[in-house]
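Here come two complexes built around chain A, the first alongside chain B, the second alongside chain C.
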Partner chain A sequence: MRNPLYRMQEAFARRPLAAALGAAAALLLGLWLTPASWQTATLRLAVPIALAAIGGIFAEKSGVINIGIEGLLIVSAFSSIVVVNWLGDAGATLGLTNLWWGMLAGVLVSVLFALVFAIVCLEFEADQIIAGLAVWLISLGLAPFASQILFESPNTANVARFDNVTVPVLSEIPLVGYLLFDTEPQVYIMLVGAVAGWYLLSRTNFGRWVVASGENPKALDTAGIDVHRVRYAAVLLSGVFAGLGGAGFALGTLGTFSGAGDTAINGRGFIAIATYLLANYHPIGALIGSFLFAGLNSMQDMLQTAGYSVPTELIRTIPHMTVIVVLVLVGRTRLPDAAGDHYESGED
Partner chain B sequence: MSNRFESLLERLAGLSVLDRIVISLAALLAAVLVGGVLVFVSGAFASCRSGLQLGGTTFCYNPMQVYYELFLGALGHPLEGGWSLTNYSLGRTLQQTTLLIFAGLSVAVAFRAGLLNIGTQGQLVVGGLATAVTVVYAASIVPGGFVGTVVLIPLGVLAGAVGGGLYGAIPGALKAYADANEVITTIMLNIIAAGITSTLLSWQFQDPDSSNPETRPVPEYAEIPNIPVIGFEEVNFSLLALAFAVVLMIGMAWLLARTSFGYELRTSGEQPGAAAYGGVDEKRMTVASMTLSGALGGIGGAFWVLMVHGQWLENVPSLGFDGIAVSVLAGNSPIGVGAAAFLFGVFQSGSQSISTATSVPKELVGVLTGLIILFVAMPEFFRLIGRRYVAPGTTEPVRTDGGDPAVDDGGDGDA
Partner chain C sequence: MTESDVETTDGTRSTEGVGRDAAGLSETGSDLAVHLDGITKRFPGVVANDDVDLRVERGTVHALLGENGAGKTTLMNVLYGLYEPEAGRVVVDGEERAFDSPRDAIDAGIGMIHQHFMLVDPMTIAENIALGNEPTKWFGMAIDRDRIRSEIRDLCDRYGFNVDPNAVVEDASVGVQQRVEILKALFRGADVLILDEPTAVLTPQEVEGLYDVLEELTDQGKTIIFITHKLEEATHAADAITVLRDGESVGTVDPGQTNREALAERMVGREVILEAESEPVETGEAVLSTRDVTVEDARGIEAVSGIDLDVHAGEVLGIAGVDGNGQSELIEAITGLRTPDEGTITYDGTDITAWSRRRRIENGMAYIPEDRQENGLVMPFDLVENGLLGSQRSPQFAAGGRIDWDGVRDHTEDIIETYDVRPPDANAAAQSFSGGNQQKFIVGREFERDPSLVVATHPTRGVDIGSTEFIHDRLLELRREGVAVLLVSSNLDEIRSLSDRLAVIYEGEFIDVTDPDDITEEDLGLRMAGQRPDEETHDGPDTGESQ
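For the complex of A and B:
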């Protein structure tokens, strides 16, 4: 009950109109008070966190805790850069811009890893947390391994990045126009992804199956729906979202991938998990939650470039410290009943 | 999430020691096979002058050679001439083994209490800095020579244990009193530990005579001494340190198996309900086992400082993550940790041999580590293979007998 996003959700349920107007007013005030460069940076840094979180919601809601999301972000970001570097920065191949081929490759690789994770968990009844850690550690080794072979360094070459896509007329709206309608493609993907994720989870049959598969797989099984198939779909979907997040982050913001240490992803997949717990598995809530971490991240970048004599290394950990504070606040998030458990049809 | 661990540990407890050893060996073999395929395939993308020509593609890497270097290079190539037991490579392997025993024990103790401590890395980083700083400052008061050795080394190890233990107590308390998932908090605390120690270093403890980010070196008499005559002189490894690690390992096995604290720790991991009913304060047990786990990680950091470098460096190797692999492969048994730590010591040392003898990136070892964890996590995979290929006759009688727990217990722990 102490969870602020959960409270917001409740307010919306009770008085939708008043709550929406209040939120919009607060948002506009915030936009008016804060610098534009911070806002755009926040929106871009939110991409990997928000999309990975939305993907994680589907997996966990279906009963498979996908702690390997960090690994999915790493492999998708890395492979998207590799493909763009291979095809060439500018130009197009087979009618599609090379950057979009990179995006596609990132999503495919991420889905492939998610598939392996799903098979390991669903067919071979592996412990989900350990298998997820394994996915993360494999990715953490594989990206610098491949990078050494292809670029003879743990860091990849630099590639071109996405340009802004400007929507005419809408981008002229004061306060929000430049932010939402004059931005890079991965930000649009994030915004559309959050709405699509919310619609899919709460308004479609598939969404209901996912929730049932996590809460009461036996009931779903009795209703004639294959629990394994729903869980496969949910885990693969988490691969799609994480892939969009990782590749979008790499091609929109980074333009290169550093594989040393914690890699350029630097724990964003784990931050995403904290984000969806904070949002109590609500995709729109996860989008809002990701702004919190991304906002701290971009604020720290701004402080650094502004030349404040703050200890860089310590400031850099502020988002991670916030994750811990958030987890303490939402410690009582109720996991889906069957999360983490293997389900076998026909068991007593 | 405690339910899940309960069922997992139940399942692990249901396996016999032999089962676990077979699964660990099978996982190792599977990881080596997949890794070999990876090495071979990635050879097609590397550039080299000579390699295997297949269908117009040049495959630069020979997996057999890579594994030869990995496993035998780590022992100093015993099959080639002029081999001596105390060669440099074996010394390096045993050095890594020593450190990995501490890291592996750290993860294993927490796991036995039903907690997944991914934070050994951070605890090791914090403990190591505490050791270096304590010893450097104490050296100015304590006399040098033999007295210095006898006082400073235990003091340094103690400082590491306290530093790591306190840092491990944080996620323990967060788990016990705020129900914050320890997997995520410890991963975050790893990143935070790197930030805090590096800030402390530049603020206070940086060696003014060095341009690298590192503390002042501890005096030479405060480094773990080597045993004279036996050898290993050219590498920073001491048999005394290995002996201490082995003693600690046996001590932990005894603690878990024979003391009431160990019994309570294991029960809270395997059956928290029963433990609470038996009067175990679950919250305190969580904090205590995470503190113990952190202290073991901190001791690992202390030995990294006092045996390997003689100072704390900002760039700490990922011993803590390898500790997870060690513990998982060892089935979280303290004695098993010894064997698994030697294997990963071979990996660490062999990765150096790989990069000197071949052009395969040594990051391969990281991939292998992850693969081993993945395969150990899926015992059902090997049971299916075993049932199909190794003992095809066993399935039928089991059904008619009405079920054999040794074969069939894979799924029912979860119900």
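For the complex of A and C:
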């Protein structure tokens, strides 16, 4: 069996119009058959997965495997809540609403962590997997610890959440309008981010350099482009995307940050990695893949709410089981040739 | 001036040299595109270039000839800004330059085509050509693909290339990939092109095509520096030849005023016998036989179609053919890396078709693989560890389940010394050696296994002539001792001089099996292009023979 997402990409390349019509028809049928509450929940739960996955694509395509992306989600989610709590739920500071200040803070902290990770990997030639694990473990400990100090509990206080933003006219489109044009800011960010990520990677010179840096850094170096600079930019960009995902998830969906156990992020960064591998590093594919996992997640929530006596532990394993099954069955993912390798100019 | 110029240990020379070429004309009055003056480059423990001078005239092909490790590539990496020299001056177009990075060299109009192509496999040819120099539109927001395509089309028209810019590099043949590298340099406006061992990966036909390209380029005013260790290529393609030996320049000669023997002597530092002498030897029983062997490749296409062959003790059977005609698959089936889909393989009278690779090794089958970095060595391992490969279960090194590392080290050091692996450092990782030295090491390891059958594919690919001579002698010595040798090579001189019988493979079948003395180079080329002996005509494709 071959990767269904990969097959979709191929179908689009061969007969774009027919494939697009077919996909649209399938999508509309799906939307018509499923409850609107499930669809909305799926979109909102997809935010951290999709944005973290797009960020991860940039890092890994450049040759730096960023498995610390779970940690970036944790710190950005936590710090966004802290800043909003500190500035106050309602109102604005310096012309920007406090929720957006929280968003900004989340992204900044995530970028800061990504920068440390990049320095450790690129300057000190640390093993990327070990450094990535360190980012995750540090975040996993640091967020609840800081929460304990600030809120005297591993869980933060509740803060206000983003309101729906309704786009006039477009939101009236039957079947998809309510879903895509009457939703929360973080969902817009996710949708725009996926398209922007795809465009950046495939249509700009920076995107081509990222790909070359991950496939054959020496080719890029001899072409006169500084490999380290490209990798720094790519890792920092993964921090930006993960920060948007983590802070958007906290401020749009949760309104709080729970530091207990695996924290409120609960492995979504790792699912993001599986998602982009499944999508063979295609940002739009990663968006679609994130719907798959978020959809299962929200179905599990709905089943629980409906009071089906399925053990929650079992339901919780569904996304992870899917990841394993899909990755085992797929096997068409092509890892960048130089992913995980250190590169130093002038060495043979 | 770089700082290193000031701090040089050879200070007198470099201060003397300042401004000597200020007018862009050398003392002789000719127009120099590149002038390297007194370049010295050291690596820990090695002086790779010692006070080397190189003067390259504009619009010429200048060969840089030398053995593996003579410092040719190092010198060019200095010119290309990859290394900073400890002493010496780089003068391009009459202007003294200090290149900190390839970017500076590219800006000064220098392009380098490396031995291992610097291409990004999954990207298209157009993307590779433009990489790092992409023209953009919409204020840098998008790559201007139309402009890239039209510029590539212009370059192709001008220099007579034929490449499809939309093809993906990993699907392109090696010859096309090399043209992509040349186009890449031209796209960046290079006037001086450095080609590092450009023929190492090409078939004879592709080499001929490369010579045409070089001629077209120099006709249009480009300057070519051609790194090679092959005498024929230097004498055939170059207008001037500078010979390097042990990091020092031993003079520049005009190819019209010298001969191969004199050049070889200059290069190696002693007299060299260029043709291996293969005297007739009594052959014995068939050591290896295949009957009706058929192998499908990874895509399920028949790569080898029912091949029968016998290699006798004390005999070299050569297989000649253009790469990709099934020789790789045949060899993999014989060595146990691939299971044949049909047919039997017999070794010393035993059917070994189902034998594991390990069992074949343990029974005396030595193998020099085609891709040394992929199949011959573990690149990050040092030579001691690599020296053990294949013998990790032999009682000589692994008695009682424990590896005798001291024994392995002695054995490795013997190989290094006997086969002249440079630098002679058993603790260095395999990847730190040049291709030719890696090859020498693999050949040494396999030959010293005390084999009864040697399967050698391209045993001297990338190896300098001094070591080639040694490997050939050693191969013939093994043959005299009664070892059976199956030799695959795309080097026609090599395969003709070493083989007792020569088989030509074309599209998975033997087209002809003959005595190499009974076939002309020309006919051999025609056979390799698929013409059977019974359909003799002489207007077939070029044989690629240059002499």
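As a convention for this text, the second predicted complex is superposed on the first by the 345 of 348 C-alpha atoms of A that agree within 3 Å, B and C clash if a C-alpha of one lies under 4 Å from a C-alpha of the other, contacts with A are read in each partner's own complex, and residues count from 1 in each chain.
The rule is short, and it goes like this: contacts are C-beta pairs under 8 Å (C-beta built on N, C-alpha and C of every residue); 3 or more make two chains touch, one makes a residue touch a chain.
Remember, predicted model here, so these are calculated numbers, not experimental data.
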> For A:314, is the partner it touches chain B (first), chain C (second), both, or none of the two (neither)?
Replying inline: first
>> A:345 in the overlay: touching chain B, chain C, both, or neither? Say first, second, both or neither.
In response: second
>> By the touch definition at the top of the document, which applies to A:88: first (chain B), second (chain C), both, or neither?
In response: neither
> Should A:203 be classified as contacting the first partner (chain B), the second (chain C), both, or neither?
Replying inline: second
>> Tell me which partner touches more residues of chain A in the superposed arrangement, chain B or chain C.
In response: B
> Does chain B (first) or chain C (second) touch A:216, or do both, or does neither?
Replying inline: second
> Should A:267 be classified as contacting the first partner (chain B), the second (chain C), both, or neither?
Replying inline: first
> Once the two structures are fitted together, what part of chain A is touched by chain B and by chain C alike?
Replying inline: 348
>> Residue numbers of chain C touching chain A in their complex, please.
In response: 80, 82-83, 101-103, 106, 112, 114, 118-123, 127-128, 131-134, 136, 140-143, 184, 431-432
> If you look only at chain A, which of its residues touch chain B in the complex?
Replying inline: 67, 120, 123-131, 133-142, 144-146, 148-150, 154, 262, 266-267, 270, 273-274, 277, 311, 313-314, 316-317, 320-321, 323-324, 327-328, 331-332, 335, 339-344, 347-348
>> Applying the document's contact rule, which stretches of chain B touch chain A when the two form their complex?
In response: 1, 3-4, 7-8, 42, 45-46, 116, 118, 174, 178-181, 183-185, 187-189, 191-192, 194-196, 198-199, 202-203, 321, 324-325, 328, 361, 363-371, 373-374, 376-378, 380-381, 384, 410-412, 414-415
> Can you list the chain A residues touching chain C in their complex?
Replying inline: 203-205, 208-209, 211-212, 215-216, 218-226, 334, 337, 345-346, 348
